Each structure stands twice: as C-alpha cells, then as structure tokens.
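Presented below are the structures under discussion, each in the form of structure tokens.
Same chain, two partners: chain A is paired with chain B first, then with chain C.
For the complex of A and B:
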C-alpha cells in the first residue's frame, strides 16, 4: 500500500461532550491528525446505523462515533442506546467479515481535549495502516 | 394419566389429549368450530386455500360453517401471519375475541410487532401449532399437486427434510412443546411466568403418530380456551416434549453447520456482494417482512435521491457506479434495523423474484447477533426489544479505551 494514503474518516461527535472536547483540543493547540471530517450531532444516540453505513459505502475509510461518557449523557441515557446500536452494527460487520475495525466508538468529555487528540490520532493511524476501504473500488456496489 | 408435579413449571407439565378422528386437519378445525360455537371466540383467523387456484391466504371467519374450507396446515407461507394480524389491529384494539391459528414463527413475529406497538394482543388469542415447515413458494407454484403430496409425507413423518425451505430445516421454534430453554439460549426472561411463551394455546401433534393431539395452555387466556374446549383427558407432556426434542436436536445440528457454511460463503466484501449480485432492488423482501413495520421506509424515501452531479462525482471517485444504486446499503441498513427481531420465517426469500438467499443470510446474521444480545425474538412478551433497553455496564468491549485513561476504564 502506498505510504501517501490519506484516509478519509467521518467523525460523528456529540454536541455536549465530544464536540466540545474537540474544540478544547484545538484551542489547547494539540496536534490532531487532519483526516477526520467532523459532523456534529446533538447526541450519539442520534446516529442511525444508516448514517454510518452510508458514510462507509460512499467514501469513508473509517467512522468514529464519540459521545459523553456513560452516565454523563446530556439527555441522561442517549449514549447507552448509542452503544447498543453500535454494538449491533459492529457485530453485523464482524459476522459478515466487513472489516469491523473501520468503525469505532469512544467516549470523550468536554474537558478531555487530550483524550480527543489521542483517540483521533490512534484511529487515524489504524485506518492508515488498514489502507483504503476496499468497498470503494468494488464495482458491484 | 395425570402426573403433575414432576416438572418445575407446573403450568406446562400437563396437557390435554385429543384423539384424531379421521383427519388431522379436520380435528384441528373441529376445535376452532367448538370455540366459535360456544362463543368463546367471536372470530378466527386461519389460512385458507383459494377455491379455484392453489394459492393460500388468511381469512377472518365468524361463521363456523365456513371453517370447512380452511387449512390449518398449509404447505406454503404466502403471507406471514404476523403481517395479517398487524393489518387487523394496527389502528387499535379489536373488541371481538379473535383466535389466530398460526405457525410458531408467525406468532413470534406477532409478538415482536406487539413489542413494537404494531399489533394489539389484548383480545387476540394466539394459537400456535406444531409446524412441519413450509415449501419454497416458487417450487410449490410450479407443481402444486406434487408438492402437496410431498408435504403430506412431511406432516406424517414430522421430519425436516430437504424439500422444505432452508430456514425451516434449521428452525428450532417449530413447537412450543420443545422450544429452546432460556438457559440454552442464555436469553433473558421476565420474572412474570404468565407471558413466557409467545402463544396462548399450543396444538401439538408431533409424537402423536397422526392419532393424537396434545393441547397446552401457557397463559390465562389459553387456559380459558382449553377449559371451554372441555377436553377431559390429561397427559404428561414429557412424551410429547421428547418427540419434539428429537426433531429439534437434529435441527440444531443443521443450524450449526448452516451458520458455518453461510459465514464462509458470504464473509468478506467480495463474497457478500456476490451473494447479493442478483438483487434488483425491488424491496420485496422488506415489504413482506413481518418485522419491517415502518410506515415510511428510509430506503423508499427521497433521502437517498441525489443530484446528477453527485452521481457523476461518485462514479468519478470510484471509477464506476452500479445501478440499481445502493443495494448493499439497503440490505445492510435493513439488517441493522430489524435483524434482532428476525424470526427466520423465510418470507423474504419466498418473495424475492431473483432468488437471492435473503432469508438465509438474515437468519445467519440474526442468529449471531441475537446471541450476542442474549435475545430470542418473539418469545417472552415482557422482555423489551434490545434496542429499546440497555444495561449500564455492558458491551464495554466495543468502546475503544485510550492510553491516557487506562485507570479510568480499568474494568474494561
């Protein structure tokens, strides 16, 4: 795989925690890899599996979902539901051997700028290592 | 004959026995007739063969004399019973007592729909029946007479042979008398034993050698029906359970090899797209699916329609763009929406004009995902749908911990 591969990662960040965490990482001048396209959602439970699948099938090499830590959801329970949905999608991808590692869920609070940077950098490295999403070159999709 | 007390669950320990007089179907219809006659039920929902053709449909009957034309054991499943029930009660509860005689997978679909608030069950009496399986719709329609002969043999013997649809050959929920235990499936169940089983009343005939029927009630509604049937002969269920269990164990073995086979066959993007190659995006599978209940499906909506520029751009990026568009998105998206409720009824595959093995793919994925959620769809009415409930401490393995807070997530 060519070393100049620049992954295209879609990040769904919850408005109350992770988006603010990303903001903090930025204003604290932390180094964050530039491959993540951020989509702000009101809650991680807003994310329907279709959104994730559409991203993966239409051009993303990876999808990151980030929300408040369990117990800290702005809407009290949203992230618990989000985790179940994510677990289901991941299990489906696993069963069908569709590279489940391209999906990731993480909790980042508004004060965790450092954690945000780490999560994004680590995921970016992993996706870079995995290479381009084979779905995109499959003529049958 | 009475031997209660042997089993822990006293409620299911005994059943009522009925001798088959002449014909199995006739005896079963006789039971429904009796319930209609003594006003225990106001109407029954039963499968019936069209008088002039070989197709089957559901009929809601109030007149017991019309029951003669009904067929409680149809060779095919043209319309999923859960769907039929859904049409009746979608707009609200009925105030007539309806008895619905359906296959266990149809009952299970109805229970899933009940949990989704799409079927009201307050006045519905769910009556399940030992299911010999169903023949593939297309093969049946090609040669109905011969198919029926084959099907009769299956009914007599009770074995899940290769003429049946693939999902029927691996089905373990064909009888309430021998369905998998909660320990076996590691499924959660509610403490309320009343609604443990999907159906109110079950009619079993596997093990009766065509001479006897065994009726068991698992809810108060079912007990009421059983009482009104005035059957006098009690029998221990052990013998009946064993007969079903034998069939179930061989189905279980089939299921294991089935899962392995399909996982190999469709695992990976190349294989998966090959399996779905023939799909013409007609969405028939979604339309006939009993648990695909959404009034407006995401995949029928305008949301996936884009400007020509978008398509050109996508084609440019990928090198090519296939039409019908987004078949993979449709199947994966639908799967992620309903697969935890999938009862492996096989309606989707019967409806597919291109013979895509949809039900086999969904059944395999359904089995795996349901296990990871410890959920068996359509059994216990009081166990909430997996995506409508959660535990605070679960699925930690799907979250990615971070080096900076190992101590925080030390438990994971």
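For the complex of A and C:
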C-alpha cells in the first residue's frame, strides 16, 4: 500500500435521511474526506445487490449504504430490506473473495450532519488502511 | 445518444465560486461527448439566473441540462420549473450537488475541484439516459368514507359534508355517538351536559350530504387518494352496497381493557366491584346502589387499571374519575371517596383547578404502585395495594375500576384491509408522530381520535377537524391530482411471477396478474421508493428516473 493511496468509495444515500444528513454536514461546514462519491437514491431499499457487487468488481475500494434509522424510514420498512440485503451481501462477498469489510451500512438521519461526517471519515480511514481493493491487482477474482 | 447537453455551473456567490476552481471544471467537461455548452453564472436561482437559463435552453436547443449548484433538496424544483417554461421536459434536467456535499465539506480547493468534476461527469453521464416523464392527471372523487360514528367520526363528517362533498358514515353499532354517549356527563369545563353531543348527532342526521349506515361494516376498501372503491355490509341481512370515495377516515375509537384478565382486580368475582362505565350508567339513572339496594357509604375509585398490563397511560381516565368523585360527594350524604392512583395525569389548563376543587370536597388520594388484590372481607371489599414495596389495605363498600383504553376490536381488521401499520400498543400508527399526527402512511387514508391512541373529547374533535381540513385541501372539486411519476414499472418479459415485489411493497401498489403470470404496478399508488426494484431477483422492475443503468453510470464515474 502506497502512502498516497486515495481510495475510491461509493456511497449510496437515501434521499430523505442520509442525503439530507450529508447536506447538513456541508452546511455546518464540517470537514469530510473527499474519497466518497455520493449517489442519491430515494430509499436504501432501492440498492440491489448487483449494483453493490458491480461497484466492487469494477474496483471500488469501499461501498457505503446509508439510510434512515430503523423505525424512521420514509417508506416505513425500506431500511429493513436494505439491512437484510446487506447481511446477504456480506456472505456473497466472502464467496467472491471480496473483503466484506469493504461494505458498510450506516443509519444517518437528516439531523445528523455530524454523524455523517464521522461515518464517512471513519470509513475512509478504515478503507485507506485496508489499501486498494485487491481486484486491481488480480482482476480475475 | 443524440443530443445537446448544456452544463451550467453556479457560482452561488462566493459559496462555490471561491471554493472551487470553476474555470478548471469547465475546461475538464467542455469536451465530453454531447456537451454542447459549458458555462458559469453568478447565481442561477436568482430571477436573472432563471431567465438566463431559460434563454440558454432555447437558444442552444438543449435536449438535456446539467446544473451544478446546490443540493437537489434546495432547488431541484426551481430548475425543473425553468425547464418547463423553456419547453424542456423537467426530468431531462439533472441538478448536481457541488455546494453542500463538495464545496462546503472539502476545504482543500484542489480536492474540491476534482470532486466537483467527478460529480458533474456523473451528472452528464446520467442525464443522457434520462427519459422525459409526464405527470398524469387523474380525476378525483371528493366524497369521503368515515369508519366509526363516535365523536371523531361525527365531527369529521360535519366538517366535510357540503354541496360538493358527500360523506358516508359507517358505524357498527346501532347508534351514533360512540363511547362519549355512554358518559353520564362531561367535565364542567367541557360544558356540563351531554346534550352537546346529542345536538351534533341531530345536526348530522339532518344533513342531506351525510349518509349514515348504522349496524354496518366496511368489508372491503381498495384504491388510492381520489379513487377508493368501498363495499359496505349493511346490517345483518340488508345486503351489500358499493360506494366510491376519494378518502377514507378511520375513526374506530377504542375499547376498554377488561379487568377480568387480571383476577387480582376481583371483577366478576367480588360483589360491588364495578367498572367506571357501569358507574356512569348508575350515575345516569341516579341509582348508585350496592347489590343489597343500599347506597354505598364508602367507595374506592381505582385508577390505572391496565396501566401496567398495557404499558401506557390512557391520560383521560383521571379527569373522568375526578368528575365521578365530585358527583358522588355531591349526591350521597357523608360518603367516603378514596382515589387510588399510580400516575395522576392532569395535562390541561383547567385540570389542576378541578383536581383541587375535588380534593377540597374531602376526596382522599392514595398513591399505589400496584393493586395486589381486591376481595370480599367482613361484608365489605378489601383493596390491598402496594406503595414503595409496602403492602397497605383499605376497606370500602364499593370499588370502581377505571380500565385503560385499548384499540377497538375491529381496528386490526380495518388496518389490514387498508394496509395501515399499527404501533406496538396496537393503535394505528401515524405517518409521523410529531409532524403528521393524523395522516397514515397510505395516501388518502386518514385517522382521527382514539383509533390513534387514548384521547379526550376535545382532542378527538381537534383531530377530526384537522383531518377534514387535510381532505378539503387535497381533494378539491374539479381539480385533478398528479400522482408521483418516478414510479416502478414491471418489464413483463423478464418477470418470473415470483411475487417477491408484492411482499415488499408497503403500499400495496403491486398486484399479480394471474393470466399473464406477471406483477403489475398501480402507478397511482406507487411512491417510488424502489424496494421492489431492489428485491426483484430477475431485474424485471425498473425504477423510473433511478434506473439501473443511470445508477451504474454514476458508479462508473465515481470509480474513474
């Protein structure tokens, strides 16, 4: 791992809670590491497994899925579906020899700008420490 | 694609202009495929900015537009409106957030500029796949179904019915008025007589725009805001009637916790142990008497019956018990009245004064954590209770139990029929406990009064009127509604008919077509969350405006 490694992290944020939380982090002028690229979806339940796997297979060093806190989903139950899919994805990643720690699920509400910054910064640090997604070195896995 | 994409970067005054090197951004994107123009502007959301954008869209004959500015939560609608004015479908515009999630959170200008380029590239890549979406207009029925003829249902109907709006009230019992009509009287500060409620019932019966079905039940209701089809089972043998309405109000009220569930309360086993509703009946007929026909010399009025069992405070019983204690003290000479309570709930402005007035009359108040046992002893009733770990006992002639309010027996069935969630207490769950206290998660279905949880009469009336207001403003005679367009669609050729989508759709928007063997989305009900898209194992469901390829393009740009 080189010391100037700048990871590429994909962040799927739900429109109602986490995307708004990210906006709040910005409008509160909190410093957030620039490695995560945000993709807005209406609900965390929209993220299908193959979208996450595609991102990882195409070389994402990390994938973050963020949605509303349990019980707070704008669509009532979407985040629970996201959580189940997340648990399943971790298993699939193991079988594909993708490190499961490269996928994270977090709950960030619209009022948690600070939490958003913490989640992204911590995840960015963890991924930086893990180094590049090994798929870069061995695209066959 | 064939087309001309216009990219406009907003300086947002110094907000973006000073944090991001916009010229560098423009240089990086100007030569991307299909980008016809890439320009900067001071403040695009200003009147000058909007005019500029509109002129640009026309002049450059743009087919797609990317605006790099603030969060879509801020100005997406603003720029969609501009596009519409310029004759461009508003869904062919993509607002890229380079302010909140870029300029404002990345202090290093170079890094922020790099990030902005990445986001704008993703926006360009995505927008080229956007399809024009058109809002459909649907006619609405402005009539309303109210389930439940208690005080909430009555008030809702009275507030709604008029020349251009008919209201159907369906009440399962034979008469209107609900539990409020079973009370002996109201609290003094609520108006002392029950005739106020009877007056409402009389007004309702005279209203030509309200149709009342008593002894009836709603057996089926399906549809969406503006268009519900409802089947009413009239009486025992009176057959069914189908009606069409635009909104449904669930005002199914409450039932009372049955104290017989806990033998410690002695109800049904011990003579002269009665419930508060039985006492109300005795007060109504002015015959507060023991089983032996004599008036009681002492009574224990027991609060919080079911408070521990149910886990919540019913918040209306305290005042009702105070009212009854007041009456007993006035009507029975030298009677001894003791209230045994766990929590004393006096939340409204007139309550404290009333409590003090009752206390002055000589009513005693004992705090207890638990009723241990109520049994017959020496010709009287012994009430054993616990306070701070110690057991205590009083003896009285009569014990009156005030049971907790619980969801009405039918509410579960009705919730299932309408797809409404219940909260852990079993009452209907509000769309949002704080911000949308009378809406349910299902558009067009509202709830009022005790169907949502324990409430007193004034609170129920407030909710009924609020519900009516909400319906009046969403179902306007002659005005069409425009449902969400970013909805899900099933591509029949890929659908295997597994029906996973039916089980994840919270709104009941998906049905199964048994002839074709495929799922079908009702676009008027779909809210566009994409749960079905995420869970479809064959990728047969497409989320308009959040398609797989659109998101995939964004992923690719993120990894570039």
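In this text, the second predicted complex is superposed on the first by the 135 of 141 C-alpha atoms of A that agree within 3 Å, B and C clash if a C-alpha of one lies under 4 Å from a C-alpha of the other, contacts with A are read in each partner's own complex, and residues count from 1 in each chain.
Following the convention adopted for this analysis, contacts are C-beta pairs under 8 Å (C-beta built on N, C-alpha and C of every residue); 3 or more make two chains touch, one makes a residue touch a chain.
Predicted model, so just to flag it, every value in this text is computed and none were measured.
Novice: Should A:32 be classified as contacting the first partner (chain B), the second (chain C), both, or neither?
Specialist: Second partner only, chain C.
Novice: Of the two partner chains, chain B (first) and chain C (second), which one does A:81 touch, if any: first, second, both, or neither?
Specialist: It touches chain B and chain C both.
Novice: Quick check on the superposed pair: does A:89 touch chain B, chain C, both, or neither? Answer first, second, both or neither.
Specialist: Once the two structures are laid over each other on A, A:89 reaches chain B alone.
Novice: Identify the partner contact of A:119: answer first if only chain B is touched, second if only chain C is, both if each is, neither if none is.
Specialist: In the superposed model, A:119 contacts chain B only, not chain C.
Novice: What is the contact status of A:47 with respect to chain B (first) and chain C (second): first, second, both, or neither?
Specialist: second
Novice: Just chain B (first), just chain C (second), both, or neither: which does A:58 touch?
Specialist: After superposing on A, A:58 lies in contact with both chain B and chain C.
Novice: Scan A:106 for contacts with chain B and chain C and give back first, second, both or neither.
Specialist: first
Novice: On chain A, which stretch or stretches are contacted by chain B in one complex as well as by chain C in the other?
Specialist: Residues 48, 50, 54, 58-59, 77, 81, 85 of chain A touch both chain B and chain C.
Novice: Enumerate the contact residues on chain A facing chain B in the complex.
Specialist: Touch list, chain A to chain B: 48-50, 53-54, 57-59, 70-71, 77, 80-81, 83-92, 95-99, 104-107, 114-115, 118-119, 122-123, 134-141.
Novice: Within their complex, state which residues of chain B touch chain A.
Specialist: So the residues of chain B in touch with chain A come to 263, 266-270, 272-274, 277, 298, 314, 317-320, 322, 326-329, 332-333, 335-337, 339-340, 364-365, 368-369, 372-373, 386-387, 389-392, 394-395, 398-400, 402-405.
Novice: Chain A touches which residues of chain C in the complex?
Specialist: Per the stated touch rule, the residues are 71-73, 97, 99-108, 111-112, 114-115, 118-119, 122, 421, 441, 486, 504, 506, 527-531, 533-536, 539, 543, 546, 548, 551-552, 554-559.
Novice: Mind listing the chain A positions that touch chain C in their complex?
Specialist: 8, 10, 15, 19-20, 22-27, 29-32, 34, 37-43, 45-48, 50-51, 54-55, 58-60, 74-78, 81-82, 85, 117
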